[in-house]
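Quick heads-up: structures coming right below.
Both of the next two complexes hold subunit A, though its partner changes from subunit B to subunit C.
Up next, the complex of A and B:
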């Protein structure tokens, strides 16, 4: 039966392509976004797409004996039927016809692999105009990955146009969440540590403002970098702006006591320490460190590791370099939650890799200490922020590969051998929606449930002071 | 008779507003249109209508797009105001209350002359008044009650809570007073019975109309209008229009001077004619506080990155927090200069192609990559002259950078530095010659023969109250007295 279908289907799809002959191109269509050969989880929204330059497309998606046929200006795949198909198949085959300039073209079929590895149901991110200093509209949003539903966690429409960012959940769990807010309602919204939600004032006279957070696996601590950040504007076409630190240290925040612990080893004024993250077992603190330099282009961060004692909230042993490369700089180390991998971003200098087109993703095998560039994920443009799913089978990363400016989240599956399958763009309800979205998707993080925050706490409560140890 | 006079007055007011707003405030109208965006996509409608006051905002944005043609835009607003007055008049049982029906639209008209008030205000009033009238017309009591409750809830969330003011700190009290006053007028109109006062309403209507016509023009901020007008002329690259507007008129703001200097440069006359206009330091060339105009200037000089930066910041700093078509057109132009940034331009272009008046917009080609710096430096807003020097040093063939650099040196009175850069230049317009003469006189050099008589005459007049006016258009006068 299957064999008969495999002969009949191409004929059917060609017939379905409309009146007149269909010119067989013998090539793959130019898909927007490119979904040919990607690997997706079973619980993912339809990968709607269009064919570049096509006025109309007709698509047939088959898996086993089931199929979906859609036609229109783009492939608008029905959500329920898509999920039904994904629930039964390990491999989808897509046949596409496109009408371009009044003529129908037929293309080579392509496949989509369906993985049994589950993915967290939500993606949390900030949406921001990819700009410079002012923030008219920005917000933290969450997206249901099995549909196109996006909800606002918090946006700045009711506060002064201040910045907000560095939202962070502990191991994809919404029960432990933090969010920095700047401006007249500034503070850090905190959930976790067994205490009620609160907004704390992290400012104190002993440390710089807390910036990049990372939760300890116990949920009791958050490691923060404290950064004195500056930005300057380039004047040559290939560069836009440079964000750099004049000073930076690392502190650890005890969520149960609302207390900051200054770590003298990581508060060296001759060095710049930033992007702290805890290992999967919580016993190691990874971070990036560079010597200070007069010229920002000479600042190159190495990947460091130092022991962390969670009982006493102190460091153990001496910091050691675990990866560095001549003329390269490391940012955003992110260990997988299963303890096997450590992914990081490598650029030519500095730590604000999103404005570096050369920035690429690398990954270290923590067992062997060997690192490699992730060629299967990287593009000629920027790849920067990334984070792992709770089961460490999926990774979401920021990329500017579409146009060099608007950051979009891509999701990729990792195999047992540490190689990634071809990544796919976060599904959008229509390619036009993505095209007209003039905001970047920033700091994408998987989440196992929806995050909700008490906005009244932000608008109407005093900021809780913290202590510094 | 009175009702006829009311209709005539209503139409007269709408016509007066149409002509006055469309002709006298067209710079402001272009500015408002540039700061707003209306897309013909379902996504945009969903997003707009989903917000509080979404219906009023959406309709307001819809009408605002027609400000692209000021007379068309003002005609639509005039019609809206007339509709509002007509809606209130429908409640009038008695002719005596008819003049009151004009008040809400008059107040709206006067407020709209301040560009901070948006069209959502008259749209919200109009929708509410006509919805109330429609509900009042229902005969069956329980249906009327149900519709009243439904309309009130809908109006509260989707109409009244609208963005009636572009700035976050809005005069909320004033807004609610206008709403309440309009509601009160409707109630008064509905309950005052017919009285025999034949001429009083007619006289009151005419008097009100006259008062409005006298008051309204005084509410226009003429300085802002001048700046908006010059900004618009820069935006549409009407250099002759700028110079024609400036001819014989005093420039009230350094921003106007910025536009005039830019127009002079684009016509190749900056060095020749800049001191025909009042100049005051390098702020006559650019004011970075005004991001729109300064981004245009930087772009045309070749500082494309910085122009894009300022255009983007201006968009992000848009008080309404919305994107404007003006910003999108600039971001298309500024990103389309070279192939590296063209995909970004495409992104903005795709959005513009979903509008009514910019669906065929294509990027201009006034700046080429060869005008841009090729060696990197960080832009310093505090020293524009130095930035121009960097650019000129890197790209001496960039004539606009050359002229602006020379002008900046002249305006900063750094004549010796000017001489070191341009003393040997083949190109030597009037202001340059005058500056070089100053250096020559300071250093004991020789005066150019063609200037000799002029210099002697200037020196003879120097310090005397009379006669110096003849030289107010020279660089010497600027150098000595400004």
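Up next, the complex of A and C:
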């Protein structure tokens, strides 16, 4: 039966392409976004796409005996039928005809692999105008991954207009959540540690402001970097901005006690320490560290590790370099939750890799200590922030590969051998949508459930002071 | 009967005269306030974009309003469309009030329409607000056509539910008009008022808006319009007009009220200097540099923007130093428009123009991007055009493709986008060579300009901007330093512009600087007390120019 179908289907699709003759190109279509050969989870929204330059497309998606046919200015795949197809197939085959300049063209079919590895149902991110230090409106949003539904977690329209940043959940769990708010309603919104939700005032006279957070696997601590951040401009056309630290240290926050612990080893004024993260077992603190330098282009961060004792909230042993490379700088280390991998971003210098077109993703096998560039994920443009799904089978990462200016989230599946399948762009209802959007998707994080915020706490309650140890 | 017909004709003539006068006012008095609205919007003829508008209140008003605002690129269309939409508001209310048996309904309805026209004179009052008022007026009229009270009540309740997603803040006008229509049944009228206001509040909350925003959307609060009450003006005008028509029959009084409402609102919010600024900025955007030059030379408002664009026009002709002190200069603020949190978005966006001329594409991109970010809706056709140009200059084909792709989906910028795209594709538009990489802080013009000059690849205007900047900040040491480093090696044997000679003479520069004998003798005269003979000289500027209050 399958064999018969394989003969009949091409004939059917060609017949369906229109009245005129179809010119067979023998090539793959130029898809926007590129979804040919990607691997998707079963619970993902339809990968709607268009063919570049086409006035009209006709698409047939087949899997086993099931088939979806769509036509229009782009492939607008019905959500229910797509899910029905995905629920029963491991491979999809897509055949595309496109009308360009009044003529119909037929293309080589291509496939999409469906993985049995589950993905967390939500993606949390901030939407912001491209990262300049002045801002207008921004918000934290969550997107249901199996549909196109996006909801606001919190936006700054009601806090006239304050900045918000560095939302973070503990291992994709919405029960432990933090968000920094700046401006006249400033504070850090905290959920977790067995305490009711609160907004705390992290400001104190012993540390700089807390910035980049990462939750301990126990949910009892958050490691923060404290940074004095500056922004400047490059003078060359291919670069735009440089964001850098004048000073930075690392502290640990006890969520149960609302208490900051200063770590003397990571508060060296001659060094810049930032981007702290805990290992999967919580026994190691990874971070990035650089010597101070007069010239911004000489600031290069190494990937460091030091033991962490969660009982006493203290460090153990001496910090050690676990990865560095000549002329390269590390940012955003992120260990997988199964303890096997450590992904990080590598750029030529500095730590704010999103404005570095050369920034790429690398990954270290924590068992062997060997690291490699993730060629299967990287593009000629920026790849920067990334985070793991709760089962460590998927990563979401920021990339500027589409237009070099606006960051978009891409999702990729990792195999047992540590190699990633081809990534796909977060699905949008229309392939035009993301090209028409003038905001960036910032800090994408998987989430196992919807995050909700008690806005009343932000608007109407006193900021809870913290103690510093 | 004939008397009534005659009265109606007279009323209609008065109404026509009113709209004709309003058109003349918009066309002749504040055309650039309207034209600038086009630059504050970016309407895309694209399904995905239109669909995204459905998730916000007032989608019908916004889609229709923003679509029509595209044509505001043309002065005639801007005035005509604004008046026509206001005429639709008037006609809807007139028909409703005629059914209500109001005296002089034709004239009374002019009062809320006058409020709509007058409010439209503000750049941040979008056309979608007036479209929303028209939707409200016609829906109120539609409900009034239902004779059966119960059916009418049901229709009113249903209409109140759907009008907010359609028309936004001016759904309150619907509430007011239908309540007035039911005035004979006080409980029904009060019920409509309470229900209507509550529905707007609830729907606003559902759209995640503050209550103030719920009653003002699609007008964005927090810009020039600080108060939500601004949105109640049309409703108050309608209520007042109704009361006036209900109580009196005096045609002249009603007509005068309409004129007073319009005149009063315009006087309260119209800013002639802003109109001047918008005009010079828009003319520069349209490439009409001869007009920019004449406006800048005259600069009757002592406007920073006019001085800025005059300087830019001169720099484009290589005449910046020659003309610098022949016109009003607000110190160095006439050379660059800085990006700060307190600066208006129109100036931040305009600031990109001089930076592009100097080859400082990093800061130019920053200005254009932040100019757009600060705008009420964070979308701007002008900013996207600037960003596309900058991307082309930078050789950033991906970013250029994005911006040009967006403009390709507009009606009015499509041709420009396609022409620019063709230039990029056939290699006519070639990117500039890279400069030496360094970093500098925002608004640090000297660091940026000297770096561009050090690259040896600077556009012609860069050097003049740097030297004039040194002069206007009255730092002659820096001027000499930059002159020796960049100007003298480039032009060792020519006689420099007079302003440079005057500055060099102040620094007692040697013969290698080619200072003319005339400048030397004039300097002696100046120093001997005959300053009044040289009011346009750099010596005079150096001695007397002080920061003023302007801008």
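In this text, the second predicted complex is superposed on the first by the 468 of 469 C-alpha atoms of A that agree within 3 Å, B and C clash if a C-alpha of one lies under 4 Å from a C-alpha of the other, contacts with A are read in each partner's own complex, and residues count from 1 in each chain.
As a convention for this text, a contact is a pair of C-beta atoms (placed from the backbone, for glycine too) under 8 Å apart; a residue touches a chain by one contact, two chains touch by 3 or more.
On a predicted model such as this, the values are computed, not experimentally measured, just so you know.
After superposition on subunit A, the partners subunit B and subunit C are seen to clash.
By the document's definition of touching, both partners, subunit B and subunit C, reach A:405. Contact with both subunit B and subunit C is seen for A:435 once the two complexes are overlaid on the shared chain. Judged by the touch definition given at the top, the superposed model places A:129 against both subunit B and subunit C. More residues of subunit A are touched by C (comparison of subunit B with subunit C). Once the two complexes are overlaid on the shared chain, A:461 sits clear of subunit B and of subunit C alike. Of the two partner chains placed by superposition, A:218 touches none, neither subunit B nor subunit C. Of the two partner chains placed around the shared chain by superposition, subunit C is the only one that A:155 touches, whereas subunit B remains out of contact. In the superposition on the C-alpha atoms of chain A, the part of subunit A touched by subunit B in one complex and by subunit C in the other spans residues 129, 132-137, 157, 160-161, 232-242, 402-406, 432-433, 435-436, 438. Residue ranges of subunit A in contact with subunit B, taken from their complex: 129, 131-137, 157, 160-161, 232-242, 402-406, 432-433, 435-436, 438.
Contact residues on subunit B toward subunit A in their complex (touch as defined above): 39, 41, 43, 168, 303-306, 309, 312-313, 315-318, 321-323, 337-338, 340-341, 343-344, 346-348, 350-351, 354, 369, 372-379. Of all residues in subunit A, those touching subunit C in their complex are 73, 129-130, 132-137, 152, 155, 157-158, 160-161, 231-242, 296-297, 381, 402-406, 428-430, 432-433, 435-436, 438. Those residues of subunit C whose C-beta lies close enough to touch subunit A in the complex are 44, 46-49, 51-52, 208-210, 213, 222, 339, 341, 360-363, 365-366, 369-370, 372-374, 378-379, 393-396, 398-399, 401-402, 405-406, 409, 431-432, 434-442, 448, 451-452.
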